[in-house]
C-alpha cells in the first residue's frame, strides 16, 4: 500500500515537470527559447492562490468537478504499475477498473464544460464524449490483447510477464497491440493528432473549450488532473514497452531504482511526444473516427492473432 | 401448504383488495389506499421471492375448465429471483404512484389495472407450466396496455403507442405460445419439468428455442423487435414506464433464461451465437439511438434496449462458453447477466421515476427545453445522477460491477490454461468485448448528455425555470432507488453470491465474497473490491480537498459573473448547447447507421442567388429499423387491406361463384 | 323428461303465436327473454339430469339430449338471454310505428321461432331434422334481417336468403348421400346416435362425399369461408339483437352440426379427410377475416368479420379432433356471450351516434363511458385476453394442434390471428380513445359532461361479460360438463 | 315390373329431368323457364312413382302427391303469380327477355361440362350398386350443378329462384334415385322449408321491385367492403 503512495507522490511531482519538459522540447524544436521546465509548477501555484470566478446559474459541479478530475488522476497513479508491480491484493490495477477511473475523470470534465451554460463548454463536452466513446473499445481491446499471454486482466501481472519474457514485447501481437494502445492513449489524453493542447482556436478545440469557464483553483485542478493523466499513461506505456527497471518487490532499493526508471522513461517519452507533435497536424474532428477505427483494427487483429497462434 | 403458498395467497388477497379499492370514488383516497394495497402486495411478493430463492418449494395449484391439467404456480430459485425483482420494483412504483399521480393516470381504471399488471409480473416467474405462464403473461400485457392508455385524452400519440404496444405484445405472446406448443407436443405435457425433458438437440427443442427467443426477445425489447419500447415508455405514466422498463422487460429475460438455464442447459453453441448477435446488435443500436435522442423518456427507453441487449449478450456468451466447455468463464458470464438484470432494474426504475418527477414539475420531456434543474430539484437531480452512474456503468454503481464481471468473463473466455479452445470463441470474444466497450462509451456519452443538459447549466425554458422539487414520499422513493444503486455498487459480494445460488450448482464456485464484501471470481483469478477502492480514493482525495480548503480559506469570496461565453457580454440561455447539438457529432460519426433525415432550405434575398436571407436546417433521426423493416410491411398490409375489399364487392353472383367453386372443388376432392 | 325436451322447442313457438295476438302487447316485449330463459333452464336441467342419471334423454328417436346437446342448449339459452334482454330498447326510446309496416308482433314472433328452431337443431337426434331446423333458422331470420325495410336491409336479406339456403341445400345433398349409405344396411337411419355408435357398415365412398358436402353446406351457416359471403351483410343490417343471436349462437349451432356430421364420418372413414377440409376452411376463413378487418369501415361488419375469424379458430379445433373439443365447446360459449354483448352494444352505438361508421365514432370513452367501458371489456375478451374464456379456449385449441402434428396449420393460423388482432386493436383504439373533438370556437361544448348512461339494460351485459370471465375458472362444474360433452360427441354413452 | 322396364322407366324420367334442367338454363324468357321448372316437378313426381312401384312402398304415395303438387304446381304458380294489376304491368318487363351474365352459348357449354363433372364424380359412388336407379344418380348431381349455374348467371330475382328450385329438384332426384327418398318426416320438413324460402323470396322480390324499380339483383351492390 505504501508503495502506491510513493508512486502517487512521485508522479504528482513529475507531472508538471513532464509538461514543462515537453513544452521546452517543443519550443526548442520549433526554434523558440521556451519558458523553462518549471513553468507549469509556477502556473499551478499562481492559480491556486487566485480568487475563482464562476458563472451565474452554475451549480456545485463547477466546484467539485475539477477536484474529481484531479482525484481520478491520482487514483490512476496509485493503481497502475508505474514504479512497482506489487499492488495491493484487494485493489489490483485491474484493466477495467483503470478504464472506469479514466472515465470518471472524463465525465467530470464534460459536466464541468456543460455546467458553465455556454455554447463553447457544451461543444467541448460533446466532442470530448464522442471521442471518448470511440476510444474506449480500442483501449480495452488493446489491453485485452496485451493480457492474453498472461491470462489476466491485471496490468501489473501483464508488466511482470513482459519483464519475464521480453519476447512478448517484440512479437507481432505485442507490436500491433502497442501501436493501438499508443493511439488510444493519445486520444485519451487529448494530444495531437486528435486534439491540440495548445490551441485556443475555438472551432478546433476540445479540451480547452471545457475549461473556459473555470478559473483559479478550479482551473488548477483541471490542468493538474490532465497533466497527471498524461504522465501516468506515459508511464504505463513506458513500462509496457520497456519493463526493465520496474520494482517487482517492496525492497527499498528496488523501489528507488523503479522510481528512477519511471522518471527516465516518462521524460524520454515526453520528449518523443513533443517532437512528434511538432511533426504532426491535427486531424479534423470527423476524421478522428477513422484514426480510431484504424487503431481498433490493429487491436482487434492483435487479439484475434494471439488467440489463434497460441 | 408451505410458506410460499401462504405468501402467494396473501399476495392474491392484497391484489384483490387493491383492485377493489381502486373503485373508490374520491381520487385522492383511491390513489393512497389502492397504491398502499399494491405496495403491500409487492412487499409480500418480496417475501415470496426470497423464500423461493432460498429453496423453499411449494406454491398454488388450481384447476380450470380447459385444459384438463391444473394450473400450477410454484417458483423455483431462479423464478424467486425474478419475483423479488418484480416485487421490489412494484413496491417502489406503487408508493410513487400513490404519492404522485393525479388526473387521468389516477383514474379508477388505471388503479384497477396496476395490481393486475404488478401481480401478473410477480406471477410470471412463479408459473410452473406453460398454460399458467401464458395466462399471467397475458394478464401482465393487458394490465400494462390499460395503464399505457391512461392519458389517452391528452395526446394522440398515446393511442398510436398503445396499438404498437398491443400488437407487439401479441406478437411476442404468439411466438411464446408457438414455442411452448412445439415443446409441449414433443414432451407430451405442459409442465415445465416435462418440457425440460426434451432433448436439447432434438428438432422440437431447436424450433422452440427460435420461437421462444423471438417471443421473449420482443418482450425484452431486443432489436429488431424493440419498436414498441420507444413508443410505449414515453407515453405511459412515468411510474408505469418505470415498471415496464425495470421489471416487465426482465420477464423477457426470465423467459430466455428459462429456455437456456432451466429447460436446456446444454444447448448447442449456435444458440449462444444467436443470442450474442441479438444482444450485441440491440446493445449498440439501442445506445446509439439513445445517444441521439432528445426526449428524456425516449432516451431511457432506448437505453433499456441497450441494457437488455447486454444482458442477452451475457447469456449468449455463457451459452457459447458452456458449449465449448469453458465453464468458469461461462459461469461468470451468467453471473454477469443476473447482475445486469438486478442492476438495470434498480437504476432504471430510479431514472424513470426521476424523469417522471421532472415531467411533473416542468411538463417537459424534451431535454432541449430543460436545464438548471439541479438547483431547483436537488434531490431528484442527485437521484438521477447516481442512477445515471449506474446506467453509464461507472464506479461506484451497480452497473459498473456487473459490467466488470461481464468483461472479465469475456476476456477470460478465450483461453483455458493458456491455450485457445476454439476458433469460434476466439473470434467471437474480441468482437463482443469491442461491442461492450463501444456500448459503454456511448452510454457514458448518453448519460452525460441527459444529466448535463437536463440538470446542469441554465434553464432553457420558462417551464424549466419554474420547476419545483417533488413531494417527500416521491423523494424518499427516488433516494431509496439511488441508495440501491450505490449499495449494490459498493458491496456487491453478498448480492453476487445470492444470485449465483439461483443457478444450477456446478463444481467450482463461480463467485465468492472477498475482502470488504467485494467479489472474487476464483475461476478467473479476478477480484473487485469497490469499498477498498473507495477508501483509497478517499485518502487520495483528502489531499486535494485539503489543498482546496487552504486555497478557499485564503480566497474566501466567490465572484458570480455572467458566463464568459466566448467574449460576448451576455450569453443567453438559448445559446447553450442543447441535447440535439450535443449529439450532433455522434450523428455524424454514425451517419450510416442512424441515417438522419437532413433538410436545408435556403431563402434568397431578392433576386440574387448569392445573398441569402434565411437558411433553415432541420435534421431528424428516426428509428431505421422501424422505417426500413416495419413501415414497408405495414404499408403493404394496409394496401392489401384496400385491394382485398374487392372480394367482398357486393355482387351476389360473385358470392354464389365462391360457393359454387367450393362445391365443385369439394365434390372433386371427395371423390378422388 | 320428454317435457324437458319439448319445453325449449314448444314454449318459444307458443309465445311466438301468442304475441301475434294484439291484446298481449306486454308479453310481446318480453317473449324473447322468457323463451331464452326457458331454453337456458331446460339446458341446465338437461345437463344436471344427464350428469346425474347417465343415460341421455330421448324422445321417439327424434329428440335426444346427451351431454353435448344439453350443453349446446344451455349455450343457446344463455346467449339468447343476453341478446334478447340486452336488446330491449328503453321504453321511451321506442319510435312510433311506421305507417304500413308489418305489425310489430311479427318481430317478436320471429325471434321466438328462431329460438325454437335453434333448440330443435341442437336437440334433434337426426341429421335430417337437424337440417330442417337449421333451414328453419334461415327462414325465421330472413324477415328479421330485412326488418328495417331499407334498401340496404332488403339487399342483405335477399343475399342471405339466396346464399344460405343454397349452401344448406348442399348440406341436404350430403345428408341424402349419408342416408343412402345407411340404406345399404339393415337399418336405414339418420340418427347420428345410431350412425356413430352402432358401427353399422356404411359405404365409405358415399359417406366420404356425403359428409364433405354436409360439412360444406353447414359451413355456410357457420360462416366459414368461402361460404361466408352472406354473413357480413346480414349481420350488419339486422337489428342488433338479431345480429347478436346470429353471431352468438346461430353460427355455433351450425358448427355443432358440423361436429355431429364429423363424428359420423370419423366412425366410418377416419378423421383425416374432414380434418383436411376443415383446416382449409379454417385458414381460409381466418385469411378472409383478417384481410377484410385491416381496413374495415363499419362497426357491425367489423364484428361480423371477427365472428368469421373466431369460427375459423373453432373449425381448426374441430379439425384437430377430440383433444381440442372441450376447448372448442368453451370457445362456443365464451364467444357467444362476448359477441352477443358486443353486438348489443354496437346497436346502442348505432342508436345514439346515428352511425356505425368506424371513422365517425370517435373518442367514445371520453364522451360516452357508459357504452365505451363495456364495449372495451368485450373487445378485450374478444381479443383473447385472460380471464375471458376465449383465451383458454384458443390456447387449448392451438396447443392441441401441435400435439396432433398440425403444426403448420396452427402456425399459419397464428400469423393470421395476429393480423386480425392488430386490425381489431387499431379500429377499437381509434374509436374509443382520444380526446373528444373540440367544437370549433366553443370550448364549452367540448367540455360537456360525459354521458354515463348505458342506453339500455346493463345487467345482461354485466352478467354475460362476468360469466365469460368466470366460467373458465370453474373447473368443477364447467370442466366436467365440457369433458362429458366432448365424450358424448365421440360416441361414449 | 321387370328389371328392364324399370330401368327404362327410370331412364325416361331421368332424361326428362335432365332435359328440363337444361331448358331452365337455355330459356331466356323467365316465364318459359318457370314452365320448364314445372315440367321438371312433374317429371320428378313421375320418377318417385316409378320408384314407389318398384319398391312397392305405400309410404311413397303421399310423397308423390307432395312432389306433384308442390314442385309441379304450387311453386311454379307462386313464381308466375301476378299480384296487383299495377305491379303486373311493371312486372311485364321482368317476365320478358333475361339478360344473362354470360354468353348463352358459353352457358350451355358450361352446363354440358357440369354434367360431365357430375358423372365423373358420382359414377364411382354408384358403380357398385345393383340398383338401376342408383346408376342414374349422376343425373341428380348434374341437375344440382346446373341449378347452381342458373343461379350464377341470372340477374332477375325470379330467375335466381328458378335456379334455386332446380338445384333443389336435383337433390330430391338424387335422394329418390339413390335411396328411394328420405324419411317421410324429413321429406315434409324439407318441402315446407323450400316452400317458405320460396314464398319469402317472392315477397322480397316484390319489395325489391317497389324499392329499386325492378328485380335486377345486380343493382344491389350497396353492401360491400
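Remarks
So that you can tell them apart, the chains are marked A, B, C and D in the order they are listed, and the count of residues begins at 1 in each.
Heads up, the rule we're going with is that contacts are C-beta pairs under 8 Å (C-beta built on N, C-alpha and C of every residue); 3 or more make two chains touch, one makes a residue touch a chain.
Please read these numbers as outputs of a predicted model, since none were measured by experiment.
Shared contacts of subunit B and subunit D, meaning chains that touch the two of them, come down to C. Each chain's centre was taken as the mean of its CA atoms, and the one lying most distant from subunit C is A.
A summary of chain positions shows that the Cα centroid lying nearest the centre of all protein Cα atoms is that of chain B. Taking each chain's centre as the mean of its C-alpha atoms, subunit A lies 35 Å from subunit B. Between subunit A and subunit D the centroid-to-centroid distance comes to 99 Å (mean Cα coordinates, whole Å). With each centre defined as the average position of its C-alpha atoms, the distance from subunit A to subunit C rounds to 77 Å.
Averaged Cα coordinates give subunit B a centre that lies 43 Å from the centre of subunit C. The set of subunit D residues that touch two or more partner chains comprises 121, 124-125, 141, 148, 151, 217, 220, 222-223, 225. Residues of subunit B found to touch two or more other chains are 645, 648, 650, 652, 656, 659, 663, 667, 670-671.
Shown for subunit C are the residues that touch two or more other chains, namely 155, 158-159, 162, 166, 170, 205, 209, 232, 292, 295. Counting only pairs that meet the touch rule, the chains in contact are A-B, B-C, B-D, C-D. Listed in rising order, the residues of subunit B touching subunit C in the complex are 62-68, 70, 130-131, 134-135, 138-139, 141-142, 149, 152-154, 156, 158-159, 162-163, 166-167, 170-171, 174, 177-178, 180-182, 184-185, 188, 190, 637-638, 640-642, 644-645, 647-648, 650, 652, 654-656, 658-659, 661-663, 666-667, 669-671.
Those residues of subunit D that touch subunit C in the complex are listed here as 121, 124-125, 134, 141, 144, 148, 151, 157, 160, 164, 167-168, 170-171, 174-175, 178-180, 182-183, 185-186, 189-190, 192-193, 196-197, 200-201, 204-205, 207-208, 211-212, 217, 220, 222-223, 225.
Considering their complex, residues 101, 117, 120-122, 124-125, 141, 145, 148-149, 151-153, 217-218, 220-225 of subunit D touch subunit B. The residues of subunit C lying in touch with subunit D in their complex are 62, 126, 128-129, 131-132, 135-136, 138-139, 142-143, 146, 149, 151-152, 154-159, 161-162, 165-166, 169-170, 172-173, 175-177, 179-180, 183, 188, 190, 203, 205-206, 209, 232-233, 236-237, 292, 295-297, 301. Taken in their complex, subunit B has these residues touching subunit D: 645, 648-653, 656-657, 659-660, 663-664, 667-668, 670-671.
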